[in-house]
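What follows are several structures.
Common to both upcoming complexes is subunit A, partnered first by subunit B, then by subunit C.
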Partner chain A sequence: MHKLTNKLKGNKLAQIILLVLYVLVTSLSLYLAQASVTAFLLLLFSLLLLYYTELPDRLKWVIAGVVLIGVIPFVSSTGPGYQSYMEVATVVGIYVAMALGLNIVVGLAGLLDLGFVAFFAIGAYTYGIFATGQAANFMPFGDFPLSGESFWIFILIGCFVAALFGVLLGIPVLRVKGDYLAIVTLGFGEIIRIVFNNLDKPVNITNGAMGLASVKPPEIFGYQFVYPNQFYFIVLAILLFVILAVRRFEYSKIGRSWKAVRENEIAAQSMGIHLVRTKLLAFAIGASFSGMMGVVFAAKQTFVDPTSFTLLESITILVMVILGGMGSVPGVILGAAVITILNLQVLTEVTNYLNQLSLNGVISFPEALAPAKMQRFIFGAILIVFAIYRPQGLIPAKNPVFDEESLKEGSKKHRKDQITVEPDKGFQA
Partner chain B sequence: MLAEILQTLPQVLVDGLALGAIYAVIALGYTMVYGILELINFAHGEIFMTGAFIGVAMLILMTGLGWLAAMPAILALILVLVVTSILTGFMGVGIERMAYRPLRNSPKLITLISAIGVSFLLQDLVRFITEYKRGNYILTGPSMFNEQFAIKFSSISSSFSDAFFKTSTLILIISVVIMMVGLDFFVNKTKWGMAMRAVAQDRETASLMSINVNKVISLTFFIGSALGGATGVLFAVQYGTIDPYIGFILGLKAFTAAVLGGIGNIRGAMAGGIMLGLLEMFAAANLQLLTGGIFGAEYKDVFAFAILIIVLIFKPEGLFGKAVTEKV
Partner chain C sequence: MSILTVSNLTKQFGGLVAVNSVDITVEKGSITAVIGPNGAGKTTFFNLITGVYQPDKGNVQLGSTSLIGKKPHDIARQGIARTFQNIRLFSNITVLENVMVGLHKQLRAGLVGTLFQTKTVREEEKRAQEEAYHWLEYVGLAKHLNEDAQNLSYGAQRRLEIARALATKPKLLLLDEPAAGMNPRETRELTEFIHRMREDLDVTIILIEHDMKLVMEISEQIFVLDHGEKIAEGKPAEIRNNVKVIEAYLGKSAVTPA
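This part shows the complex of A and B:
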C-alpha cells in the first residue's frame, strides 16, 4: 500500500487518470443502479479524493465544479431516487455553510458558541414571516405575502439581520470570558427558541408553536423553484460564495487577528488587536452565513416552526466542526457532509435494515436501540473521542509558513515559491 | 394588582423554596468542580437526572418485591437516597477519570467540548435503558408522601391566602438542609475539606504540601455527584414524572444559581439557588399580571437566562464572590 501511494506521489497524470476513472465508475454505477445509495455516496467521496490529489488549486476548483454542477445532477436524474438524492445534497450544502460559519466563531476566534442555530432560526423566520400572510398582522402597510421574487433580496436581508443579532449577542459576550461564553450563548439559543415559540401574542408575529405554513417558493422571471434539484443550485451558488469568503478571511489580517485572539487574548491585545471589534466581526460573519442558509431553508421546507431550532441542532453543527477539525475549511466541509449524511441516510438505512431483520425473525431487535434515535449518543461519543484522541480533527488546519529570508529580500516571485504549509499547532497542545 | 400578588405570595414562597433547594444542591456540584478545575461540568445536570432514574427504578423494584409496603416509607427513602448517591458518586468519579483527566493540560475549549459530549452520551444512555426496559422513556414513580398540609397564612393577615405543601416538600427541604450543613462542615472543618480548599486555591502548591491532588479532585467529583444524585431522587419524589432530558435545562439553571452566588463559593451557591428558585416561581406566577398579559408563565425560562446574562455582564464575580484579575 505504501509503495503504491509513494508511486502516486508526485505523479500528477496518474492522479488525474485515477480520479477520472473513479468518477466514471461511480457515476456509471449510479446511472445504472439508481436505487443504490452507496453509489451516490461513493460519487460524493470523489470530492475528498480530489482534495488529496496534488493538482494545482485552480484545476481542483474546475474539477469540483464539473462534478457538482454537471456529473452529480445528471447521473442521478434518470431514476426515482433523483429528488431524494438532491434533497440530501441540498441539506448537506446548507449544513456545510452553517458549519463554516461556526468554524469562524469556534475554530478561528476560539469562542465556543452553543446557540448557533439561533441565527439560522432568525434567517428562516425573516423570510418566513414576510413570505406568508403573517406579516399582515403587524405591518401597517404593504401587501403580504411578498412574491417569490423577493427571495433573492431576502437572502441578503437574512444575512444582515442575523449579523445584527450576532453583534447584539456579541456586545454582552465581550465582557464574558471563555467558558461563561458557552453558557451565555446556550441561554441565548434557548431564549430565541422560546420567544419564537410564544410570539403569537399579544401581536401574532411568528404564529407560535403552530409555525408558518406555505412559505412562498423563490421565483425568478416567472420560473419557480419548488423541487430539491432546483434548490440544489441555489445552495451551491451560496456555498461557493461562503467558501470563497471564508478562505479570503482566513488569510487576511482579520483572520490572523482571530487566531491571535484564540491563542491568547491578552497577548493579542498587547499586539494592538482591537479585541471588541475582532470578536464582534467573528460573531457577525459567522451568524450571517447561517442567516442566509436560514432563508434558503425556509423557502425549501415551505414551513418554519420552532422545533427545527433546538439545542440538538446547535450541538450537531458543533460536532461537524470538531469532527472535521477546528479552523480547517476542508475539514469542516468534510465533517458537515459526514454528519449530515450519517443523520439523513446512514442511520435511517441501518434502522430499516435492522427492522427488516427483526421482522424476518433473524434477530430480535428492540425498538429503543434504533440507530435513528441514537443521535445524541453518537454525537456525544464523537465529541469525547475527538476531544481526547484527535482534537485537531480529521483534516487538521494548516497555516502558511513564510520563509523569513526571502521575505527580507522582498522579492515577490521568490517568496511565492517558498510558501509551504505545516500543521496548525493551535489545538494540539 | 399588588393585592393579587400578595394573595398568592405564600404559595409562591413555599414552591420557590422547594425549587430553590433543588437548584442550590445542584449548584453546589457545579461550583465545587469549577472552584477546583475551572471547568463547567456540563454532565452534572445529567448526573442529577441519572440519580432521579436510579431512585425511581429502585422504588419501583422495591414496590414489586413488596418491601415498600413492609417498611416505613421514610426508611425506604433513606435507603434509596444512600444507594443512589453512592452510585452517582462513583459515576462522577468515573466521568472525571475517563473524560476530563486526560485533558487536564489541554486548552479549556477542548475540555468543555468533552463535557458536552458526556452530557449528551448520558442522556441517550438513560433514555435507551429506560425505553428498553419499560417501552417508554418517561417514567412515573410510585406516589409517596402525598399528604397535603396547609400553613394558615390567612390567619396572620387576610391579604394572604393559605399555602399548601406536601410531605415530600418538607422532606425535600429538610434533606437539603442536612446535605448543605454537612457539606459546609466537611469543607470548612475537616482535613479533607482543607485539602480541597488548598487545591482550589493553587493546585501546584497544594501538591508540594503533600496533598494528593488527583485524589482530592476525585473526592470533589464524588461528593458533588453524590449530592446531585440524591437531589435527583428527591426531585422525582416531589414532582412525580421524570424524563431523560430534565437534567440539561435544570442543570443550566443551577449553573445560573452558582454564577449568581459567585462561582467557586459554596455558601454563595446555596444562597444563589434559593434566590433563583424564589425568583423563578415569582415570575411564573406573576409575569402575566405584571406585564399586563404580554408575557406569560412560558417566559420563566427566559427570565432565568436573562438573570444569568445580566449578572455575567454587570457582576461576573457574582453576588458573594471576589473579583479576580487575570494575570499574564
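This part shows the complex of A and C:
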C-alpha cells in the first residue's frame, strides 16, 4: 500500500486515470445494481479521493462539479432508490453548510457554541411562518401564505435574520468565556426552541408544538420543487456559495483576526483587533449559513415543528466539526458527510440487518440490547475511537504556505519606504 | 518633547497596591528602562498603559490624548505596541501570519470586498504578505515564515513578538523583559537591535529588564519601581549609585551594615 501511494505521488496522470476509473466503476455498479447503498457511498467517496489527488485546484473544482451535478444525479436516477439517495445527498449538503458555519465560530474564532441549531430553527421558521397561512394570524396586511416564488428571497432573508440573531445572542453572551460560554449558548439554543414551542399564545405566531404544516414548496416560472432530486440542486448551489465564502474569509484579514482571537485574546487586542466586533462577526456569519439552510429545510420538509431543533442536533453539528477537524474546511465537510451518512444510512442499515437476523432466529438479542436501541451506542463508540486515534480530526487544519521567493521580491519595496539596513545585520537567526 | 506622561497612576488588586501614585515622563525618541525587583508592579504598569487593566486613579497621556477608559485595541490604534513577559504569540498559525495580524489596523478589506475578492482586496493582501515578510527579514526570521509560531525556539519567539509589534507601526514600543531566557550572545545582539530599531524606525522604546548590563548600556533614563512605588529615576550612572535602589535589590543590610 505504501509503495503504491509513493509511486502515485507526483504522477498526476496516473492519479487522474485512477480517479476516473474509480468513478466509472462505482457509477456503473450504482447504475446497474438496484438500490445499492454501498455503490452510492463509494461514489460519494470519490470526492474524497479527488481531494487527495495533486491536481490543480481549478481542475479539482471542475471534476467535483461534474461528479456532483452530472454523475451522481444521473447514475442514481435509474434505480428505485433514486429519491432516497438524493434525499441523503441533500441532507448531507444541509449539514455540511451548517457544520461549516459552526466551524467559523468554534474552529476559527474558538468560541464553543452548544446551541447552534437555534439559527437553523430561525431560518426554518422565518420561511415556515410566511409560506403558510400562519402569518395571517398576526400580520396586519399582506396575503398569506406567500407564494413559492418568495422562497428565493427568503434564502436571503433567512440568512440575514439568522445573522441578526447571531449578533443579538452574541452581545450578552460574549461577556463570558470558555466553558461558561458553552453553557450560555446551550441555554440560548434551548430558549429558542422553547419559545417556538410556546409562541402560539397570546398571539399565534409559531403554532406551538403542532408545528407549521403545508409549507409552500419553492417555485420558479411555474416550476415547483417538491422532490429530493430537485432540492439537491438548490442545496448544491447554496453549498457552493458557502464553501467559497468560508475559504475566502479564512485566508483574509477577517479570518486572521478570528484565529488571533482564538489563539490569544490579549495579544489580539494589542494588535488593534476589536474583540467584541470580531466575535460577533463570527457568530453572525456562522449563523447566516445555518439560516439559509433552515429555509431550505422548511421548504423541503413542508413541515416545521420544534422537535427538529433539539440540543442533540446542536451536539451532532459540533461533533461533525470536531470529528472532521476543527478549523479545517475539507475536514469539516468530510466530518459532516460521515456523520450524516452514518446516522441516515449506515446505522439504519446495520440495525435493519440485525433485526432481520433476530427475526430469522439466527441470533437473539435481549430486550435491553435491541438493535434499534444500540444505534446511539454504536455512534458513540465510533466517536470515542476517533477521539483516541485522530484527536486532530479526520483532515486536520492546515496553515497556508507562502511562496518565499515572491515575497522576497515584494518586500524590497517596503525596505525602500522606511528602512535602509541590510536585513541580516544585527539580529542573527 | 514628551510622548508619554503618566501621572499619579494607581492600581489596586484587592488589598495589594500593585502600582502606587506613579509619575513618569518619557521623552520622544528615547530609550527608557523600568526596573525593580519581582512583583514591583512593572508588568502591571505596562498593562495600565495598554488598557489591559483600568487604573483606579491617575492619568496616562500619549502626546496630548488621554488613554484612560480606552480599550486595548483603541490604544493600539493610537500607536502603542508591546511584547509580553510570558510570550503571547498566535501559536497555531504561521510566523508570517503572526506578523500579518500586526498589520491588521492598516488593512481596509471589508466583508463584501473579501467575499468577492475584489482587486483592491487581493492587492492589499499581497502587500500585507510582503510587508510582513519584510518585518521578518528585519528581525532575522525570514526563513521561518511558514513554520507554526509555536515551533520556534524561545529566542526566535521573542523576536517574532517584536516583529509583530513593529508591524503595527508604533510610536511607542513597550518591551516586557525582552532578554529573559536569552544567552549572553543573544542578549548582546538584542541590545544592538534595540538601538537599531530606534535609529531606523523613529520609535520611542520603554523596556522592563532585569539584565543590568543591558539596561545600563542602552537606556538614557531609568525608572525604578519597588512595591508599586517609584523609588528613583535618573540616568544610568545616577541609578547605579542610588542608595534606595541598592536597598530595594539587596535589602537594607547591604547599605547599612549592622
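By definition in this document, the second predicted complex is superposed on the first by the 378 of 429 C-alpha atoms of A that agree within 3 Å, B and C clash if a C-alpha of one lies under 4 Å from a C-alpha of the other, contacts with A are read in each partner's own complex, and residues count from 1 in each chain.
In this text, a contact is a pair of C-beta atoms (placed from the backbone, for glycine too) under 8 Å apart; a residue touches a chain by one contact, two chains touch by 3 or more.
Predicted model only: the values in this text are computed from it and were never measured.
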First (subunit B), second (subunit C), both or neither touched by A:283: neither
A:266 touches, of subunit B and subunit C: first, second, both or neither? both
Touching partner for A:408 - first (subunit B), second (subunit C), both, neither: second
Touching partner for A:256 - first (subunit B), second (subunit C), both, neither: second
First (subunit B), second (subunit C), both or neither touched by A:187: first
Which superposed partner A:154 touches (first subunit B, second subunit C, both, neither): neither
Touched partner set for A:275, first subunit B, second subunit C, both or neither: second
Subunit C-contacting residues of subunit A that also contact subunit B: 266-267, 427, 429
Of all residues in subunit C, those that touch subunit A in their complex: 50-52, 71-73, 76-77, 81-82, 84, 88-94, 96-97, 100-102, 104-105, 107, 109, 111, 114-115, 117, 121, 125-131, 133-134, 137-146, 148, 156, 159, 164, 168, 189-190, 192-193, 196, 200-201
Subunit A residues touching subunit C - in the complex, by the definition given at the top: 245, 248-249, 252-254, 256-257, 259-260, 263-264, 266-275, 281, 399-402, 404, 407-408, 410-411, 413-415, 418-421, 423-429
Residues of subunit B touching subunit A in the complex: 38-40, 98-99, 102-103, 105-114, 116-125, 127-128, 131-132, 135, 137, 248-249, 252, 255-256, 259, 293-294, 296, 298-299, 301-302, 305-306, 308-309, 312-313, 316, 326, 328
Contact set on subunit A toward subunit B in their complex: 106, 110, 112, 114, 172, 175-180, 182-184, 186-188, 190-191, 194-195, 197-198, 201-202, 266-267, 311, 315, 318, 322, 366-369, 373-377, 379-384, 386-388, 391, 427, 429
